[in-house]
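Going by the order they are written in, the chains are A, B, C and D; count residues from 1 in each one.
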């Protein structure tokens, strides 16, 4: 019968687990991570934070406790995995450092922080997402898809960059004097160009002269063509990467 | 020669019909459903409702009568279909309950209702759409398409969720103090993020600082790439599902 | 040596021409059609019309003359083509009626018209486009593409219609009281829904409540998925139709 | 051992280089081109230009020096490449003329220029981009992709043009009197039409009448279908062109 350390290791370290899928402990941790992210997002809304101050504090404390216990467990059981030479070696791995950083951001508010610092701390907590990354092939699949089409994507990004530069320059020339706020320099005109090339089209800056609108229309058409190329490439490459992962015997259910 | 009940059953229950396609009775009911939805939509517009009050009332009454007769007919003929053990069993099927609910929403206004309740009743009537669902393979085809690509769709939704979270957090950090109404919390910033990632771009909230616009531009580009992946997957899977339905011998004309 | 009528027929009727491509006369007519459309568009702009009144009048008169001569020539030479039983038979074909209508819209302004009628006449002239249609396989190719995927397109239009109905109804329920101008009835809310589902996103109507924005975000996401399906189907079917036209030996240069 | 001229030629002219990839000299020039474009874009922003006047002047002078030396070196070494008959023949090639034009735009500001002329000069400098074009297969690949699908792209552009014309004409008829600024002529209405057909949707012009919104909705739907066709075609043709370039033995790393 395995000792405590071996059982902790098998519960927390997916690499040491024999059965497929996640262990119960890791499933619980994934749930807590999602909960803590949801709370982290909602507590930035002051109206919610002031209406349910206790609920937020309670969930934060729960998350802190779970993450602290998990971290301690991982450090304790690290020597079970031959990939980690020592506990210190494990502590210095990027994934363990992120875990520590998340715990620190959960402890800090208890010491009282300036509101602007608190704001940053709250956002940094989104690093908790990276805790999920450890269990996931998904990132690797997208990375693979991008790498596989790196040349095509590079070329089409180049075209997108040229379109951005040319269109922003033309609008700067044509509308710069009339609308200095929106088109008074090429970097300013680029904000309009990006919104047009991606077909977002906020409408906070729009050409008003005839010639400016002709160039604007050409930019919109260029956007449709140029933007479609990388989008289509990426979708195709991603589908390919998933199909190959499946062919290698990685079951969909293992993945996310 | 079949009895009345058998003939009613064959006219109303597509599962008992021998000839392909819909019976004349069901074709008429489909037409009435479309008519009643059109009227239901138009009567929410107060200017139309007050200009043609009689026309609306007449069509509503007609629809009520048709649906009531249809419902009564189905209940009466239910025992013909071996799938229903008894009339009560049929009445408790989800599809029969929806039929009843639709009839109730058509009867209720005659008793006089508060305007806010009436508003809800009017919208609930859209449930009539589900009456069409009974005749349709279309839903199953889309469901099949989604199921077939559930892993890829899941992964790309995950990327979309991460992009949403990261972009909303960055904009909250950068623009939150300047524009508290639009970016004062992560949930608020998410409204802008969704509009940008899907390239809808309403323009009701836009970043105004240089750094905010840089992150905004990256969000727009990420949207084009991330959103293209599930869209392309879904289109491909749907085309596949239709091709297979056709190969199984289901003629297009049977379907919708 | 062929008589005058035969030579006119061969110059004007592509079906009787032996050499590939368009005759010189028809090339000139296509050029005049494009010119007349360009002028027709530009003359609606009052600032241009008042700056160059003579140029517009001169080009209109030229177009009128060319179209009148062409029409007379076609009527004169109609019996050469066995497809037309008689000159009257030719005059009553849809394509000849359109030609006549275009000539009428060019003659009418000389008799003095009310400005609102003139406005309609100017737009009706765009029918001249249909004169190009006669020389073109393009319409048939797109029609073929749509027909080939009629079932898939029908199903996805059905989903789009359901998404439109559901999203407009929800926004009407949630935002109708707050923003009666934009969401006070389902038809009004549909304007916002269409703009969101197609990712146009004008921003003239936007949900302002939390729940309204949640439904708005779901609508935007639905739009990306639902709209991608018919767009992808259409693009694929169109590419297929063109490839088959080519395989049948229709040279690209013949087509437009 | 090769003479100085031969070594200069091999360092600067990719056609004479034996090893794969770019020479060190050309890599440095590419870096300077990127730097000079970045500076050219940023210096149009007056707030930056006035904050770091010396940095901008210094980088401009550096770029001028590098481009002048490069140009002199190319002219000096031109006879090494049998493609150029003489130095004068090389000077008159388009690529050498662009190089000269870029140098002129860098020299001109030292003589003092009016601000409006300076503005044009700054934009003309973007021609520096064309210096990169010399090293690049990318343009040829996209050109190839467009050429390969010229018929399909032509037809779909024709449909887009018809949709633009019809939708702008209808909106001009319906909304022209109410909103003369946005829809008072077909060219004006085209600005709205382009923004809608490409799904950019600025929202600076929107139909306000019921009928106008019906036509607006149809335009948005047409845009989704019509715009998807060329976008999909282009993406497919581009992927093909890249795959063939690779099959011809051109390594991705050589290309951009």
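The rule we apply is simple: contacts are C-beta pairs under 8 Å (C-beta built on N, C-alpha and C of every residue); 3 or more make two chains touch, one makes a residue touch a chain.
In this text the structure is predicted, and so the values were computed from the model without any measurement.
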Where subunit A and subunit B overlap in contact partners, by chain label: C, D
Subunit D against subunit C, contact positions shared by both copies (same if over half, else different): different
Subunit A onto subunit D, rotation angle from CA fit, given as a multiple of 5 degrees: 90
A-C or B-C - the one linked by more C-beta pairs in contact: B-C
Chain pair among A-D, B-D or A-C whose interface repeats that of A-B, sharing over half of the contact pairs by residue number: A-D
Distance from the mean Cα position of subunit C to that of subunit B, given in whole angstrom: 32
Interchain centroid distance [CA atoms averaged], subunit A/subunit C, Å: 45
Per-residue multi-chain contacts in subunit D, two or more chains: 187, 190, 195, 199-203, 227, 231-232, 236
Touch list for subunit D against partner subunit B, complex: 199-203
Subunit C-facing residues of subunit B, complex: 37, 40-42, 44-46, 119-120, 123, 126, 129, 138, 141-142, 187, 190-191, 194-195, 198-204, 227, 230-232, 234-236, 238-239, 242, 252, 255-256
Complex contacts: residues of subunit B adjacent to subunit A: 150-152, 154-156, 158-159, 162, 165-166, 168-170, 172-173, 176, 184-188, 190, 195-196, 199-203, 206, 210, 213, 216-217, 220-221, 223-225, 227-229, 231-233, 236
